[in-house]
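Encoded as structure tokens, the structure appears first; notes follow it.
The letters A, B and C name the chains in turn, as written, and every chain counts its residues from 1.
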Amino acid sequence: MTGLITLTTDFTSGSHYVAAMKGVILSINPLARLIDVSHSVPPQDVRYAAILVAESAPWFPPGSIHVAVVDPGVGSSRRSLYARIDGRHYLAPDNGLLSLLAAKSPPSCLIEVANREYWRQEVSSTFHGRDIFAPVAARLSLGLDSMLLGPPARDMVQLTWPEVRVMANRIEGSVRSIDSFGNLITDITSDMLSAVPRAESTTIRCDEHETAGIYGTYSDQPEMTLIALIGSSGFLELAIVGDSAAAMLGVRVGERVEVRW
Amino acid sequence: MTGLITLTTDFTSGSHYVAAMKGVILSINPLARLIDVSHSVPPQDVRYAAILVAESAPWFPPGSIHVAVVDPGVGSSRRSLYARIDGRHYLAPDNGLLSLLAAKSPPSCLIEVANREYWRQEVSSTFHGRDIFAPVAARLSLGLDSMLLGPPARDMVQLTWPEVRVMANRIEGSVRSIDSFGNLITDITSDMLSAVPRAESTTIRCDEHETAGIYGTYSDQPEMTLIALIGSSGFLELAIVGDSAAAMLGVRVGERVEVRW
Amino acid sequence: MTGLITLTTDFTSGSHYVAAMKGVILSINPLARLIDVSHSVPPQDVRYAAILVAESAPWFPPGSIHVAVVDPGVGSSRRSLYARIDGRHYLAPDNGLLSLLAAKSPPSCLIEVANREYWRQEVSSTFHGRDIFAPVAARLSLGLDSMLLGPPARDMVQLTWPEVRVMANRIEGSVRSIDSFGNLITDITSDMLSAVPRAESTTIRCDEHETAGIYGTYSDQPEMTLIALIGSSGFLELAIVGDSAAAMLGVRVGERVEVRW
């Protein structure tokens, strides 16, 4: 155990909900080392959180513990999950939050967090982040065997994502997320593009906007140009050099993107 | 001493004022472990900070040190305070910031932070967070006896809060804070409601909006319904399931809330 | 080495870019202690970051490592720099980000970060924060000799700043930054003002707004008054007591400020 616990929530940075989770963790394991991945997930946006966790958590060392709480179903019968994926530990409500990550790399261990022995004694019906996930994470960081958390779970709730269609001279995907620079990150991977020419004969279209060629980096084109490139996470992205593509093009998550060559 | 120091300010996350405080602390105690509770208290909003500290700090382990700097009177004759409450250490300007917490749980020790020996050598008249509170917190985290910080203080500045009126078949309170989901957190406690029926015969009114019954959790009602429940901190709250009550109802802090049965 | 690594970026708090940098650092040095200075530098605003680093990093103890990534030229031929200044370690793209700090206190060591041995094996052309700066910072925190990072660099890219003109009975400067309270921080230092009377015979003018006298602290004047004072970093600042001068006066960075006596 590294004692590293990351937190991803929609509680807003600076809210007392985040502080309460940290306080509960540190009251159980005063040596836990807390990393805020994000508390600015849009309220109850499980899809956003699923992408964020899939992009963030695998960078942390094996043994790290990742707690993600975006939980519109708190207090209902939805289950709480523990998953071990690539040697890392994950705790989240079973609402699809971990499903994108698990689709890439299947869990070696999946457990329903059901054993109340490791929860706070008093469990509210509105704040499982503080009352279930925080104390369980703290105890895992102290070496608690995850098998004790509850019975094995056979499956998890899946989110569905638009399918990317790869054809002979065309790929149809969509904008999956928008980063903080306003770059449009698509669901088209570098693998799908491996046989696609980078030259200007390849066109990339999003809404009514089009650009030619797939470039290496932003500075390959002049300021204010729409450019396509393979981003740092291995997905095709569309960017306006030196500005926000999302703001300038008025494009949102879900918009179709077509690559032709 | 756990070496844990939490920070609550209105300096804005990412400002160099926060960084300066952290740098000063770590220059004195390189092993201090810093937790940001919040730097997004609305500028100079002592009441907001008082609620935030009262809701956050008690979750941290005994021995933790809580520094709260929302300080419109910096540089004036307002005192600086050290308080020990339930085994935790608090440092704040004497402007009421600690008074809500102290009303629930009286300080076992209250000291005026007056001994310049433990401050930065050069003290500005505009940034006591860096020049007084940070170095004092760092030295406390190294084991400094709080009795050395200055003379005992007999009292602290009190904030006044609207009174909750509990009557035979009616409770009148108000919205005390709005959380990051837009839920309206009132000043009516679960204790005050202990004898009140949860059934639909009980009505809760806020401004011109009304709802019937007190529920257990958000998912007890369909999306977009106004619902009343006891929140995770033990206060009556009004929420719109799956959305922001504050935004949808146009309600602000201070609005009256009436429970009738 | 203290193991302290601070991060300053324009990646936005809560973005997976920040998480990736932290994950890479902690995968190399699991005991590194990370401090977020800011991730809310306005996108690609190197000048803003240069001021922030100059105001923040010197407060941290010698031996601390400061990583600043605001990097519009990523993937181009711009160099990456390591600088040692006053016993602290700095890593940043060579785009002027460190030049304000270096102007005050010249680096004792300046190196081009060119030795790929200490980078991530796979280096993207869009995210050097993760692929170069994070792993190099982590290795420095483990004791790597900075001389091994690459060849000495003779100079760094300089940002140019408006010049402050100090005359017999007049100083002409400008607003260099605006803090989170809306205070207007100028580039006029307390040294430049050492011979200037604090009395009301001294007038300070910014745009069409004027105030008389230089005060000690905000509370020296009533609420809503425009006041001039020497701020906590040693620069002349203009503030509206209890409110935001930037918002109320409509003043932006770059606006001329004139002191007359």
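Everything below uses one rule, namely that a residue touches a chain if its C-beta (ideal position, glycine included) is under 8 Å from a C-beta of that chain, and two chains touch if they have at least 3 such contacts.
The structure displayed is predicted, hence computed values, not measured ones.
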Angular offset of chain A relative to chain B [C-alpha, multiple of 5 degrees]: 120
Copy pair chain A, chain C: interface residue numbering same or different (half cut): different
Distance between the centres, which are taken as Cα means, of chain C and chain A, whole angstrom: 31
Multi-partner residues of chain A (each touching 2 or more other chains): 13
Contacting residues of chain C [partner chain A, same complex]: 10-17, 19-20, 22-24, 26-27, 30, 34, 43-44, 72-76, 124-127, 130-131
In the complex, chain A residues that touch chain C: 2, 4, 6, 13, 35-41, 52, 55-61, 64, 179-182, 216-220, 229, 231-233, 242, 244
